[in-house]
Each structure stands twice: as C-alpha cells, then as structure tokens.
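Got a structure for you, questions after.
Letters A, B, C, D, E and F name the chains as they come in the text, with residue numbers starting at 1 for each one.
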C-alpha cells in the first residue's frame, strides 16, 4: 500500500527535484538493501583493530552483522556472522581473539579463515552427504585493505576498489595519510562510536557529500566556539586554517561526492591550535613537511566527503571514518572510527581525542544539531501530502565544470551537484543496471 | 499479505454487517490516509488560540503535522509543517508567536503567510533557477473559520464547508454558540488534551456519532455519580436536564451523525447544577434567554455528534471539540479542545473545567472506560479467525424517518443508522468516488 | 517487498536444505496464520484447570485469544474471545468462574455454552432483525479432551484427533499417563509459564521434535549438574535413567516428531533421584508397577516430541506440555503447563516443582540457553545475504527405517529426519492442500 | 548553590526521615490497593494538580510551558471529593479501565525538604519535593512508565502527616499512555 | 494510617540506615558481578520466591492473583543450593544466555522496615520491604526493565545481615523478557 | 562481605546524609534547567568521564569491556571548560537538539559512601557511588531512558561539596538514544 515500487521520476536531477518517497518508503528501503548494499563497496573496519592472528572485530554491512578477522596465515577476511547450519550468530562479542568461531547451538566450528572444521559426530551423522567445503562461513567475494581501511563487497562482478573509487581516491588519501603526507600513516583510536539515529541513512550520507549549505545547523557552536583555538577566543567550531582557501565541491563516477579546498599559491600555514603550543608546533611542522613532499599538490587540502553509498570521512578535524548503516527506512545505525597520526605525540593525540568527542557523535555539540535536522527532515516527509511534494535540489544547477581546477566534476561555489550525482547513481542501482551504467558520469564523457 | 485491497462487501449496510478488516488492516489504513484525509474537511483548531498576528498553534491533519497561524494581514492559514527545501519541520513548538518560520537545517525562512522570503546566498546559488513563489510552505487550498472553529481540506474540489456540513450545522451550532444562544459565544480553555489510545480511529468517531447503546460502558460512574449535582446526591455522570426530552438520532449527507434531543412543548429548565448556586443561576438564566431568542426552536438541545470523518463534539457537558487523529491502524492520537461561554462567570468556568477534567480525557472517569472498550474491541478483531466474522450493525434497521420531527434521516429510538450511513460514506471515499456520490444520502432523495 | 509469496523450493528435503525465508519473512508468517493455524489441531489447556461448571481459562490459538470453559451441563467449550457485536474481548481475566460473559462495551451477554442470551433493549431495537442464534460466541467446530489435555481446531473438515495424532499417540500417552502407566493419571500444577521469546515459533517446535544434536547448547548445566541427583554429585541436567537405553527418533504422518528411547530386555530401573529417598522410592515403585502392567511394552520410555504444528511435550523430566504461540515472524509467546502424577506424594510433587522451575522456562537454567540460540538464529537470518543461504538439514539423510524397531519412520541415530518431515508437512499446509496430502508420509506408503 | 534554604542540622534530618517514611508508607498503600486508607492521608482541602506541558521556545518556559492551575485545562485539578469518587469508582468493580486491576509500583527518590513552617522543630506544614517513577502493567502486556516530580505540602497530623497539596510534573507532552487511572 | 507498626525512634532509624546500606552494598555486588561474594549474603536456609501474577476479577486478588509458594509453579522458588548452581553456571563461561555478560543495574528505593524481632534494639531478624528497578542491557540492543517489590527477611550476622528470605513481586503477567538470568 | 570499608558510625551516616542532600540538590538544579548554577558545582579541575562498553568474552571484562580514560574514544571525557561550553550552547537558544528544551528527570538511588579522606570526621574528599535513572522526553513523543552508575569524587567546599570527578557507567552498548544532550 504505502510501498509503490521505485519509479524513475522519483529522481529528476535535470529539474533538481527528488521525491520524498525514497527517504521514507519501506518498500524502497527493502529494495535498497537488495540492490545497493549487495553490490557497492562498503567500509568494514580498520586493520589496526585486528593486529594479530585470531583477532576479530564484529562489524556490519548494510543491515547485516559481519566478522572482520585475521586468520593464522595473516590474511584478513570478512564473513557473514551466521552459522551455515541453522543461522545462529557465531560471534556475539564486539571484538576479541579466538582460535575458532564455535557455534553455541550445535557446536559446528569454523577457523578464522572461514573453514568448517568441526562437526560433532560428523562421521556417524553426515558421512558421504555433508560436503564441509560447501558450508564454510559465508565470505565476501571481494575485499581490499586500503591504507589500513578495510572495504568489501558482496558482488564478485563489482569493479576493483580503485576503479570504483576513481578520482575520489586522492581526497580520501588525505584522510588516511599522516598530516605530513606520509602514506597511510594513520591509526584509529580505540572505541568506536555506535548509536541509533532516527533518520533515513541517505540524509547523513548526502550531508557529508558536500552539503556545506547546512551551516545554519551549527550556528550555536559557531557562536560560542569549540575549536582547538577556542580557549584563546576563536569562535567557530573548527580551526580556521581554510580561511584563505578556495572551497571546491567535486563529484566522481560511482556517486562519490567530495568537498575539499585549494590553498593559494603561497600556501601558508595558518595558526589553528592556539590552545596548545605542542599541537600548534606539530601541525605547523607536518604542514611544512607535507609541502616539501608534495609541492604544489599540497595546495589541495581535505575537508569531507562521501564514498557511495554510506561511508563518509572527515579529512580535516575531527578526522574520522563514518558509516551510515541502514536500519529501517527511518532509522540509521551510525558508526564512527576516529583517525589520528600513528606517530603524533601523546599531547596531540589527547587534544584531538577530546576535540573529537566534543564535536562528533551523540555527545558532539556539532553533530547533535545535525541529527536533530536529519531526524525531523525524515519525520516531516512521512505523510501522504508531504510525499506529493518533492525535495528541492536546484542549488547551482549547471554550474559545475569538468576537471577544472582539479579532476572531477567541480564546482567552486556551494552546490547540490554532488547530491544530484549521488542520487543519479543510486537510481542506477535501484534499476539493477550493470556496472557501466552505474559508473556512468559526466567525467566519463569528458 | 495481511493487506487485501479494500472490498465493497466489507461494508454491507443493507444486512447491517461491516467487516473487521476496516478496523485492523494496515493496507486499508494507508488507503484511508490517501483517500479520506486528503479530501474531507478536518478540524484544525480554534481562532481563540491565535488571537494576534504572528501567533501560531501546531496542529494535525490526518497523520501529518500542520501549522495554524495568523499572518500580519490578520489572515488565518494552515500549512504543512515541513520545509519545502528538504523537509525539516519548520516548527517544533506547540504554540507561540513569530515573525518568520526559519528552518533550522539550511535557514530557508517563511513568513506566516507561507511565502518563502529567505534563501541564504540566493543570488549566487539559485539565480534564475529557483522560483521562490513555487516553494512557499505547502498550504491547504480551502479553509474556513466557523464561529471560531477552524476547518481545512486538502481537496480544492471539496464542496464548501456549509454544503459539506449540511443539516449537521444546526446541531454543531449549539456547541459553538453560547448557552444563551448568542452566536459563536464560546472560546476554548487553554490546554489541549493530547494522548495516544490503542484503537482504530473510526471506533471513537462512530461512538460519538450516536452510539447511545454503549451506556453499560459507564455503569461505574453512573453508580457513583460524578455530575454537577453529584455532591447533592444525584447519581449518573451528567446533569439530568434531558430527563423529559425525546432523544433523536440524525444522519446527514457526508456521513455526519448527530445525537440531539427535543424538549417538550413547555420546555422547562431542569435544575442540574445543584452543587453550585452561581452555576445553577447562570444555566437557568441562559436557558431562559435562549428560549426568548429562539422560541420553539429552543426545544432542540444538543448532545453529541460526529462530523465526518474524525471530528466529534460534545454539545452539552462536558462541552468539547474532539479530533481522532489516525495514528496507525491500531492507534489513535486523540486531541480535545474544551469549550466554554466567553462571558460565563469565573465560578462557572472553574466548575466546568473541573467537571470536564474528571469526565473527559485520559484522566476522565467516564472516558477511561470508553477507551478500554475501544482498545480491546480493536485488539479482539486482529486475528485471522476474528476477521472472518463481521461486526453487527443491525440495530433499528429501517426504523429511521426522513425530516421528521426534524430535518435529516431521523430516528426517535436508539439506532445504528448513523453508523451505517457513516460507513456508507466512508466506503465512497475508499472507492475514490466523486463528491456527488460521497454526498449521496437518503435525505437527498426525499 | 521483503515478502515474496511462499515458494516450493523453500523446503527441499531431498537435498536437506530449507530457506531462511520461512523463519523471517513477514508475508510467510501471515500465510501461516491463515493456512496452518486455522486448520491444525492445537493444544488449548487442561481439564484440571476448569474443574467446575462456569470455570474458565483464557488461552490462545495461533495469535488469537480464546476462552476454554465448562458450561453448566458440564460440557467443555472453546470460544474466540471477542464479542460478536463489535469485537470487544468478553473476558480480560486469565481464569475464573462466571455465570455469563458479559461484554463491557454494550453489555451483550453470553452463557458459558456460547449462547447470546442478553441483548439490552432487544425488543425495541432488534425485533425481527437480529437472529440471536446466529450471533453466539464464535466456537471451534472440533474439540477433544484427551486424557485431560484439551485440543481444538478451526477446520470442521480436519481429521479426528486420533487419526491426526496417529502413531504419535503412544508416545504422548506416556507424558499424560501416570508414571506407573495408569491411564491419564496426571494433572497440571497451578501456574502457567507465559513469556515472550524473540524467535520464530517453528524453531522451538523443531527443537523439540527431535533435535538432540543441540546438546552443546547445554554444556554449562551439564558441567555443573542440576538434576535430581546433582546434590549427590551427579553431573548433567537430567536424571541418567536412559543411560542404558537406545534412543529412537520417530516421524509420523501429520508432521509429528518424537524422540523416545528403548530400554534393554532386562529393563532395569536406574537410580536417578538420589537426592531424595522418597522420590527415589516413588520412582522405583512406579517403574516396577508400569513394567508389571505393560510388560515388554514398558521398554519404550518417553523423552520429548512435537505434535504439529506448535505443541511440544517433555515426557520425562521436566514433564510438561508446551505451546509455541506465533507472535510475529520473529517473536513467540511461549506457554508451558507442567505435569505431575495426581497421586504422587507431596514430597515428590515439591521436588519436581522445584526441578521444573530451575530447568524450564525463562528462569530455567537449561532452557535459557536454548532461547539464546533460538533468538540469534532468527536474528542471524534476517538479512538479504543471509536469506540467500538456506539452512542445512542433511543430518542422517536416508538413514531412517519404517516401523523398525517401533512403528513410524524410525532412526536409531540422531537425525534431522523428524525436522525434514515436519517441514514437508508444513509446506503442504502452506500450499492449501487437502488433508490427504497433508497427512501424506512415508509410513503411509509402507 | 541556590539549594533549599533550611539548615541541615539534626532536627532537619530527623524531619526528613519522617517525611521519607511517610512517602514510602503512602506508596505502599497505593501499590497494595488500600485506596480508602490512602484517602485518609488527604486533607479535606486537598489540591491535586497535574499540568500538561507544552513545547515552547527558549525563554517562554516560565510563561507558557505548563498549563495553569485555576485557569487552564490540565490533566488533574482535583479536590478531595473527586479523589474519593475515583476510589469509589474502582471499588464498583465495574471500572473497566481498572478491571482487572493494574499492577502498579511507585518508586520515590530524591526526597527534598524545601521548607518547614513555622519551623523545623515545631513543624506544621512541610514542603517536600520528590521524584517518582510509576510503573503500570495491565492485563497481558500493557505497560506504561510515568516519570516526573512531585511537590507536596504535608500538614502535621499527630505523629504523622496529611497531604494538603500535591503538584505533579509528569515529564511528557503528548501523554504516552491510554489512561491516567493510577494515583501519583 | 495502617503503616508499619514500629515506633520511628532513633533506634529505628539507625536500624533502617543499616538495612539500606546492606541493600545497596548487595546491589553493588550483583552489578559488579561479584556473584560468589553475593552468595555469601544468603543464609543456608534461604527461600527465594517470585510468584507469577494473574489477571483476576475484583475481589479475587487475595485468593487467585499470585501463584502460591509450596504449591504452584512460580518464576522462582529456589533454595541456596539452586542459587549457588545459578552462579556456578555463569562462571562456566558457557552459559550462553549470559555470555557475554549482561550489563545490569539494580536501583533500590522505598526501603521500609516492617518488623524487627525480638526488638529494634537487639534485632535478630528484620523484615524489610523495598521497591526495585532492575535494568538489563545485553549484546547490542537487548533491553529489559523489571520493576516491582521485594520483601526480605534479613538475619543479623555480626556487624551485618544475611538474607534468609526474599519474596519478589514482579509487576508483570506475561513476562516481558526472554529470560530471567538476573538476580533480584 | 567485601563492602565499602568505612565504619558505619554516626559520623559516617551524617556525612552520607549530607552527600545525599548534595546529589538531590544537584539533580534539582539540572532538572529545573539552572545550568549555570550547576556549573558552579564543578571544580576547575573536573574530570567528567563516560566510557563506551563492549561485549567481550567472560574473563576479558577488566581488560576490554570499557573504553579507557586518557587513551580511547569514549562518550565523554570532558573538563570544566567543555562542560561550560555545553551549557553556553544551550543558552544560545539555537542548539537545535535542545530546542525546545527536553523534559528531564534525574532519579538518584543507592547512594554509597565508598571513601572519605583524610577521615570521615574531617573530610576533604569523599568518594560516592550512586545509581541513576535519567528520563528524557522531548518534543511530542521522543523518549529516552538512561540507567547506570556514577562514581563521584566530591570535594569539601565550606558547608557543601563540589564535584571534582564523575565517572558515569551507562549500561548500554550501542547507544539507544539519538543524542547525549543531558548531563548525568
């Protein structure tokens, strides 16, 4: 009844309108689980969470529980957290180290490489019928360890991760590399934020793909100042090191949307950790190191972005990897892994931890106000009359340029182009289109 | 699965049976939202709640939040409470006064006449694309202020309110006029009862359209006496001023059902506020004034009624306007506005307030027992076997007369005719019929 | 969307796979309510709960509330707990004694034989329209009192109970007879366990139809010992009187699955109530009495079993009748009636009560661990990817024999044959097949 | 800190202990359904008031958040006579909303003695604030949780007290229960 | 008012404070999962009883509402040996229903000293009533709330007490939890 | 029984009463939204810590169950400056997550005095454990229940105390609320 099948006119990026149905309709939500989350690359966790053989971290792909673990050959795997015998979860812990995953129901046991190695009374009860090799833990066909971040997809025909990521890679790199530019020099702090937010999962994903227009959401923190220079009187919620930069909004094939910035030629470092001289010194030092290493390329500095469909990152403060797990049409289970330079001094790590906690997550003074809007934007779209009135996505229509000044479909002014392209790609998944059509994008026609 | 489309045999008023499906089926509930609540006239609130320009009261139409407000030209509007940009509720307060409704998400702002007046960075980001006039707050096409009560419909083709109301007007008038008959001399008390009751919304609507047969629900209050003469030993839950009156049950086109009463020729006032001489005096005085003003017409005195689909009123004590907001097939959000004569003395207003509170609403000794029955009548009809057995509506079949002794389809004995006509009309909405068919009714053929 | 209609390939007992859909799919759950629970024989309660005329016990059939009561002619009835006028539950008590069931809504009243005897104002309001005989309480067409246990079905064409039960009767008998074998010498203790468990109802039903393979679920109680000889140092969760017995798993037409045991020729009693000499003496005595009475047939001793679809019993300790009431695809309301010999000494009854409570139900140390597995086996099967991987039912495929050494389709080793046959029968109901097809089973072809 | 102003001396703590005992004994009467005995704890001039609570903008709370006693419609604005009627109704055994009777549990915490007149030592009237959690469970699975604050005026009555005024702040807007049949 | 009968004098309040301390310390042991230490608080002749509760018609409560100790099936009717087994089971680390261990919080309120034998001054056994809210949270999002009353018989044990009898009234009919693995 | 070690003498109970008063007064400030006054109760070197809690296997609790102060990401690891900012934010009237303001009720129970330094008689710092139930209700039907334990270090401040350290154990894993805008 309230679940019409997905219709193409729901996403009309030419006219800049998108139906509210896609954010509230239970039928469309179910279809997303079947068409988007079974095919797209999803972030599962971080290598530094499972340093040793037998280590595991229980994660989530779409609405399903998965186990990220390291086997005794040091290979990393991602398995569906369900016994192949009768479905019991083989792991009810968030993390740990184990020799085998032994099911509490009938004690089938699996090694961390997924193999079914233990079947009680196997000989008497299953001789010449049960082919154990066919009943291993259900494993993702494709997985990648990218600078420590672990990604996986359920679609063996999915493009390889770097092809999938395309030009978005350069920007995600900046989140995963150390501040001084050294390759993948980050780790995640212990402690993963997990909470449930009453909004459709696409709203925060879109929010991070370049919705800079929602600044008014944060007027309260901007008024009082909560950044790393706030104690010295700076207002705003974040360091001001982008003060002299040109913000850029970039869309890429696969629906990824990035918001980065381009510093002026001189590319001067701007003091932005005034509350703490050690941090200030560290940031200045890293900034200069990065410039030495990258030269002119160092002028591009990260901000935020969304890797389709539901992973977002904060490349600058508060540096983090976020996943917006679908949890029903009107509910999202949010996970956030916080990043920091492996080699940063303790003082800097402590300052950042505290800043991250007061900025992000359910106790974050900034994100609390985002979530209030995500919540009631979803609730405000549930009704029969509301669903007759599409959302407006007309911002900066036709204003983006191709590969100028950087690769991608680029806008140098605030735009909803990233969102429009995000939903165009989403629609391709909903229509079960092939990967060519999914990855279709203006930059491909340049 | 458990949601067959609506079938015509569900409502069989000839044989006096109605399927339980219409009270428990989720699919039918969704269809009601789409066919009934998007077309019928709905009560939104009362003028006295928004006396000044900029005043607003957040109300509800069907399952959706709406804003009732007064603009600075003193015009009253009803808007859907959702931002046209991305759906955020533009108002999270129950009531107040404001210059603009400014959305917390991206700060689009709307004046109380609905106009989109503020779009941050409009020129840079939306030049020659966004036609602001097309993105005002979503407003009802039709609204009416009837003796202070505000009504609206989402259907621009709906008949005008008085045509819609038809003969039911004379009876609703009695609730909205002052006791002495002076036109619309009522106001609503501050404080609107809002609570959630686990029943299908049509059950209370039907209950008020003339189900006098459910008296046994109230045996406990009738035994102990809680009325305005109870302290003087009167039993029963209400004044006894109808002791000598002829009760009449009247159905009107549009599905409205009324239960009023006709006093004898002499039309003597009956003492019924014995606990309080000032009230007694006031009621006697008003009664006589009304008789002077209306003459023989004064013999008709109000009791209760339902204006299709989900508004009911108590014309006598405890005088109130009720709305049964659909809140899921098995849940109703009940709102009640309590009426009182603007010019009644403080003592009378106080006595009535207290009486209203002990009689009505979730703390009301009378209505508590109604709700228990509404709750478990719904629950008792959920099952597969139960759904195979329709409800019985055979009471006083064929016993009503046309326009005798008063206009309408009238019964002078207890009857389920009002309910039968109510569901016949409801079925017309469910079949998306035109207004002629919806307003079709025996009195139209007289 | 997530509710494909039932498909035949969901149950593939030849290859020993069953789709997870049947345990998690809301559409299939609805279909079960309509096809299985409206036709199969269901356990309603026990005669000893309503010893006197006017006594009633409020029970449940499928997802619906029913009243088990004894009329004043001493006949036992089962009625749907809903008023035929407008659906109100006519009984909100768990048990009691009454002259009539009088509806609180409009006071229609029904005698314990279901007749509508009271209709307020019947003559004025219903003369020559209402045929009271047609509006009795809705009664099951078939009911049986089998050794005190009361069973009913909504299908008047259902086979008679004993035909339905078939060979399973001999085994259920052992639960309902006294320990000394005397016919139906049991009663139920006061106090019925009722609780809600987040699992699909078929999982526990299958668990009791012979899933002896889930022993690992109970490793904790087996390690510590909680049985009636535990204080004397015995480990395990149950008496060890089956130590020398041959376990047998038997499937019967109608989908019933039984797990009993066959004692050796000498059929010696094994001490198993060491903690209490009186109980020990009582059990030994009954054992010998039973052997005298039954001779060689006494070698068959009961263990557990499931009578299709949702009734299970514990024939040995903790002796009980269980019902797995469907309560949503992912929720089961579990009821358990505990059995004891009418004539057992108080000491024995007390010892058993205490043992039952520490073993069974939500406070039962054994069953708690079952429920954990039932819960997360259901939860672990909800996902889109999980649903693509069927459960494994390959245990002891093709290993059962016909009527050897006892009647039925028998396995002398642990097997999932009982489960396979259970689901084969379930599939027949889902396909609305006739009773011949439903009762079709290998033993019918022997 | 702007705390209740009484000196926290021995007399104060003794009074407070007495008050706590009284409130616990009262809860016990209610939960064990000894309603008539509970009525005896109410003075004849009792005021039993529970306002409704609105969502209003920052700064408007004092003026607009709660409905006003003696002026607006509230959840309760009862006198002793009405409370007696409520009890009488339950006792008819025909009060369907309480038939069968609910299973109710009153948890009282954070007892604060805000004022004692004329003095803590010779108290006539004591003003007491407390927090409550009232758990109501009915029929098979009906379940309601009421949490909020009470401000009571207790009047000395020999060795014990009587309740002269009770103001109940229920922390809800739309009432999340079908009924208010429990006493707070 | 028919309240607990003891004189509310200094000895009474001192005893009550002692009892409150004991109950809070007990909760702390349970919530910090020091189960063996908690067992030491139970006398060897412990009776631990939690009846089931029925919906019955007005007037039948006394006779039929609760299942009967020593006669009916209840939720719990345990002795010390059984409680020890329950603890032993948790400690196996194989008790799946408590693996991983629940996060449990015991809130105790409305402590009432109903009786003290032979006397408040030289107490051997004290009868204590209290209200409880037990919050249980497990795995990711499992959440259960248990609210009700306890009546304990506490036996003097040197400077402290031991629990000789605990009767738990859980205010539910159909149990609204999948398991009862927590101690009350 | 391994209970808190202080002797339960008059001085102890007097101190405990004082502490209870303090905690109740504090709750009252929070629930009546007198946030600036509440800030005055925090010492300048305040540590306000709420770890996240993991599901880990039996035996790993001590090492892995809770996130670690000074090392991991937690729900809160705030100093006074940050708490002041949180209050400041609410006062802007633009903190959408608290606009309109929530209806909040703090219930505190099971107050235990774990330690008093240098002595109960001349206390400088007292370590207090308590249980909390925080009920939050917002807008129309938003409803959150937070239950857990607090361990506070209270520092003597003239006739009253200040909070020098508060460690909050919220008994949840995945947070069952959209936000943590309330103070615990």
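Heads up, the rule we're going with is that a residue touches a chain if its C-beta (ideal position, glycine included) is under 8 Å from a C-beta of that chain, and two chains touch if they have at least 3 such contacts.
It should be emphasised that the depicted structure is a prediction, and the values quoted were computed from it without experimental measurement.
Novice: Mind listing the chains that sit against subunit B and also against subunit E?
Specialist: Output, common partners of subunit B and subunit E: A, C, D, F.
Novice: Angle of the rotation mapping subunit E onto its copy subunit F, from a C-alpha fit, rounded to a multiple of 5 degrees, please.
Specialist: 120
Novice: Round to the nearest whole Å and give the separation of the Cα centres of subunit A and subunit E.
Specialist: Taking the mean C-alpha position of each chain, the two centres sit 47 Å apart.
Novice: Calculate how many whole Å lie between the centre of subunit B and the centre of subunit D, each centre taken as the average of the chain's C-alpha atoms.
Specialist: About 33 Å separates the centre of subunit B from that of subunit D.
Novice: Where the CA atoms of subunit D average out and where those of subunit E average out, how many Å apart are those spots?
Specialist: 26
Novice: Could you list which residues of subunit B touch at least two other chains?
Specialist: Residues 92-93, 104, 196, 217, 369, 372-373 of subunit B each touch two or more of the other chains.
Novice: Residues of subunit E that contact two or more other chains, please.
Specialist: 55-57, 96, 99-100, 107, 109, 133, 139, 141, 145, 173-174, 176
Novice: Can you tell me, using the touch rule above, whether these chains form a line, ring, star, complete graph or other shape?
Specialist: Its topology fits none of the listed shapes; call it other.
Novice: Pairwise, which chains touch?
Specialist: Chain-chain contacts present: A-B, A-C, A-E, A-F, B-C, B-D, B-F, C-D, C-E, D-E, D-F, E-F.
Novice: Taking the touch rule as given, give the residues of subunit A at its contact with subunit E in the complex, in rising order.
Specialist: Its residues touching subunit E are 92-93, 104, 196.
Novice: Please output the residues of subunit E touching subunit D within their complex, sorted ascending.
Specialist: Result: residues 1-4, 8, 13, 16, 53, 55-59, 61, 107, 109-112, 129, 131, 133, 145, 147-149, 171-174, 176 of subunit E touch subunit D.
Novice: Hey, which residues of subunit C end up touching subunit A in the complex?
Specialist: 1-2, 16, 20, 23, 213-217, 369, 372-373, 376-386, 389, 391-392, 394-397, 413-415
Novice: How about subunit D: which of its residues touch subunit B in the complex?
Specialist: 50-52, 54-57, 60, 64, 67-68, 70-79, 81-82, 85-86, 88-89, 92, 94-97, 173-181
Novice: Per the contact definition, I'd like the list of subunit A residues that touch subunit F in the complex.
Specialist: 92-96, 189-198, 217, 219-221, 223-226, 230-231, 333, 338, 350, 353-354, 356-358, 361-363, 365, 368-369, 371-373, 375
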